[in-house]
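Residue numbering begins at 1 within each chain, and the chains themselves are lettered A, B and C in the order written.
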Amino acid sequence: MKAYDIVIVGGGPAGLAAAASAREQGIQSILILERDKELGGILNQCIHNGFGLHTFKEELTGPEYAGRFIDKVKELGIEYKLNTMVMDISHDKVVTAMNREDGMFTIQAKAVILAMGCRERSRGALNIPGYRPAGIFSAGTAQRLVNMEGYMPGKEVVILGSGDIGLIMARRMTLEGAKVKVVAELMPYSGGLKRNIVQCLDDYGIPLKLSHTVVDIDGKERLKGITLAEVGPDGKPIPGTEEYYSCDTLLLSVGLIPENELSRGMGVEIDRVTSGPVVNESLETSIEGVFACGNVLHVHDLVDYVSEEATRAGINAAKYVTAGEKAEGSKVDIIATEGARYTVPRFIRVDQMDDLLTVRFRVGAVFKDSYISVYYNDERVMHRKKPVMAPGEMEEIKLQKEKLQAYPDLKTITVKIEKE
Amino acid sequence: MAKEIKELTCIGCPLGCALTVEIDGGEVVKISGNTCPRGAAYAEKEVTNPTRIVTSTVKVEGGEKAFVSVKTKEDIPKSKIFDCMKDINKVTAKAPVHIGDVVLADVAGTKVAVVATKNVEAV
Amino acid sequence: MYDVVIIGAGVAGCAVARELSRYKVNACVIEKCEDVCCGTSKANSAIVHAGFDAAEGSLMAKLNVQGNEMMGELAKDLDIPFKRNGSLVVCMHKEDLPGLKTLYDRGVANGVKELKILSKEEVLAMEPNLSDQVEGALYAPTGGIICPFQLTIALAENANVNGVEFKFDTEVTGIDKKDGSYLIHTGKGDIESRYVVNAAGVYADEIHNMVSGKKIKIVARRGDYCLLDKNVGNYVSKTIFPLPTKLGKGVLVSPTIHGNLIVGPTAVDIENKEGTNTTRAGLDDLISKAGATVKDLPIRQVITSFAGLRAHEAGHEFIIGEVEDAKQFIDVAGIESPGLSSSPAIGVMVADILRDLMGLEKKDDFVSTRKGVLNPETLSIEERNELIKKQPAYGNIICRCEMVTEGEILDAIHRPVGAKSLDGVKRRTRAGMGRCQAGFCSPRTMEILERELGTSMLNITKTGSGSEIVVGRTKEQV
């Protein structure tokens, strides 16, 4: 069996950044396993711009952003295998993978970095009634067909879900000559960036219907039309508000799910809110020496944060490989409540943390003129006003090691959203 | 020119302020609805000279891939987006194409170049 | 001129074709869709019933019990998965307990073996996720689960290997009686045959009524289903039927042979024989009904929902035999549940009828076994690597949810009666049937179909003509 210090599952933005940082920490033996035919992951199909403002201080397209990290990985001489599917990872970090050339093979890793990304929620998961014709695509599948394969999924389009991929595809389909009739959003607010609503919908006169959903799908072979209805505060369609739209294409942009089949298989504890692994301050999962970063950990809004997080995962994996054994320390739980849905990490070992630790989280609803509050045990230690917070955008707080160490008998850190 | 009123949504932050811009004779005379100066600056630009980066794909000949992703190197006037797409759709690039390579020197008479945003090697 | 034309490539038509192919006969199956298993056979509970449901002395009861007994060996011969996981009819109200005894007695009379009535404690010990309200159950160890696609496809492949022709996209528009034969008009021209077998599912009445003055009526009875993720595939281990009560028949909850959990069906009679659309009311109804027999049904794990149409005949009985006023025309009509379970016996019964009418002789070279699409997961790592060395496509995963390789997809396309569409590939390999519902693999499977069928991406369909997946190319707006 071959052996590597660090095996990274996934060669998208998270895997690439993790690999580069681990190498920069001096780890020589690193292998990236990528299932697609090229590195870069989903960024390869995200040909629009708007990536990298934090990381590179300039606006890049997805392929350009990926290109910078791919170049770095190649310059650093990091090994990678393309067209390679990881089939299984055992609890003691034996990675089983397969491709055409090598067949099925196993690798003993000292540390594993999970960077598998996420997948799109399907029509089936929404349980939309109606027929099951051709012409219903997840927005990302349509994006791949249009941007990478050069095919048009349809000519008359309705989009369900106003997440950023849905908005971007509304513009992209329009520019390629399709008619996008409407974007419907179940929630009373959009999960997408304001900029995308303006530049992808308003620019082209595409209406956005908030608090609307698809209640019926028409067409036996190919989609013929869909019925939209308004939903009430209970999220249920309001009878009498149904409206039929003829269309040959329905794109679904209704959420992303971290792809943790491998993590579950190896016994990693999964957070019920994020659907990603529960991690500590080092982005280490419940299995020692197994780290997670990027969208497999929690779905991010900006790739810049993925790169930053993955860089930390790479550094911590390198530390683990070098130090050999796990250092223990007192454990402080981070509790997300009252508007804060989750935090990553979910607990920290103060002794192990960096001097300044970024904790990211999302809110569960739109909050205006509200405060992000942080409590050490029962004492409020931070109270920061934000004009607006929305579920579509990640929030963050920074924790200082010094302060945590100095706080007597610290058991829990609580993050919540407060009106005042 | 007569007075004109335009409604915009600010894209500066998730707040998405509803901006109202009064224009008189082509000049912005009043901006309201913004909560910060960025909103005013955005409104002024958006009303007087709205521009966009356009991203798309271009056919590739003799490459490992049939398409390469591209973008306008700089912003182009918003009114030129569809003309720009027509020009982009006519172009065929020859592999190899690398990030930053110009595939079209002047798109839709804007003097702005269209450049590749991905590497496509020759086969 | 054919000796026999079988109309309909569902499980009944294919079972008849396979049994008939034992004989020296020139036979053809014609099907209006692009593939086998496109109607009732593709959307049902995927259950092999034990046989206690149908009325004592009925043809349904007889063929169900026979079919159930035959299924084990047939599945082995045709290399398809089948499991006798056992079924439970659960009783939720003390006052209904006598109903279990009625079912038990009927089952015994029908010839169902090993039936047993279980106490509340026994049934809860067997299935801890059943509702605490359960009062007792009828246990039928011979009940089973099977893949209806694979059964139908395997029967068709085996029939084809033994000389039966298959014509797809061939819809029957009329039938004329000639002297000693029938002239079948189809969308693809006329076909003449001495004998006709009508296995047309929900359309069996229309086909029958083309030749007979004694009209029959088949009603499409729609049933909605939900399929749940493999995460919860073992929520119950047996097929759980509620005991039918005055309030209705209720819905079943069962593991599938592939490890998912299935919930359904509802029952709504509809006019439209193509009406395979699920409805909000139907889905809500089945979720609430399924919740009555199991506790905390993990309904959030739904990965897809679908609806199937049962070919319901008013008498709720199979109509199998030569039509009185249309000699040489054999009906196989009203094949609703337990049609899938009965299909092996239906095949034999109809082949016997034809043998006797036509004086058919057995072939010497009948091939009784068939190898399915190889599932590499059944191989050891060494065997798998040997295979990949010879055929590297087996090292290339296309569907990551179900871990289906390119090699399996190539096999599905190139074998007898092979796949021509995304659904055809899906039903033969499970590519696209997993939790992401083909989001990731469909562009890849399309590319493989394009290459292997020598066609254009623009012609690749989901399930036959009219269901094309992409409508054009980019860069066309100039």
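What to note about this one:
One rule holds for everything that comes next: contacts are C-beta pairs under 8 Å (C-beta built on N, C-alpha and C of every residue); 3 or more make two chains touch, one makes a residue touch a chain.
All figures in this text were calculated on a predicted structure; none of them were measured in a lab.
Here A-B and B-C are compared, and the pair linked by more C-beta contacts is A-B. Taking the mean of each chain's C-alpha atoms, the chain closest to the overall C-alpha centroid is A. Averaging Cα coordinates per chain places subunit A and subunit C 39 Å apart. With centres defined as mean CA coordinates, subunit B is found 27 Å away from subunit A. In this assembly, the C-alpha centroid of subunit B lies 54 Å from the C-alpha centroid of subunit C.
Among all residues of subunit B, those that touch two or more other chains are 57, 59, 67, 85. Contact with two or more other chains is made by residues 474-477 of subunit C. Shown for subunit A are the residues that touch two or more other chains, namely 149-150, 176. Interface of subunit B with subunit A (complex): residues 8-16, 35, 52-57, 59, 65-67, 69-71, 78, 81-82, 85, 99, 117-119.
Those residues of subunit B that touch subunit C in the complex are listed here as 57-59, 67, 85-86, 89-90. Interface of subunit C with subunit B (complex): residues 474-478.
For subunit A in complex with subunit B, the residues that touch the partner chain are 44, 47-49, 59-64, 67, 147-150, 175-176, 193-195, 197-199, 202-203, 368, 387-390, 392-393. Of all residues in subunit C, those touching subunit A in their complex are 226-227, 274, 276-280, 282-283, 302-306, 381, 384-385, 388-389, 392-393, 395-397, 400-401, 403, 435-437, 439-440, 442-443, 447, 457-458, 461-477.
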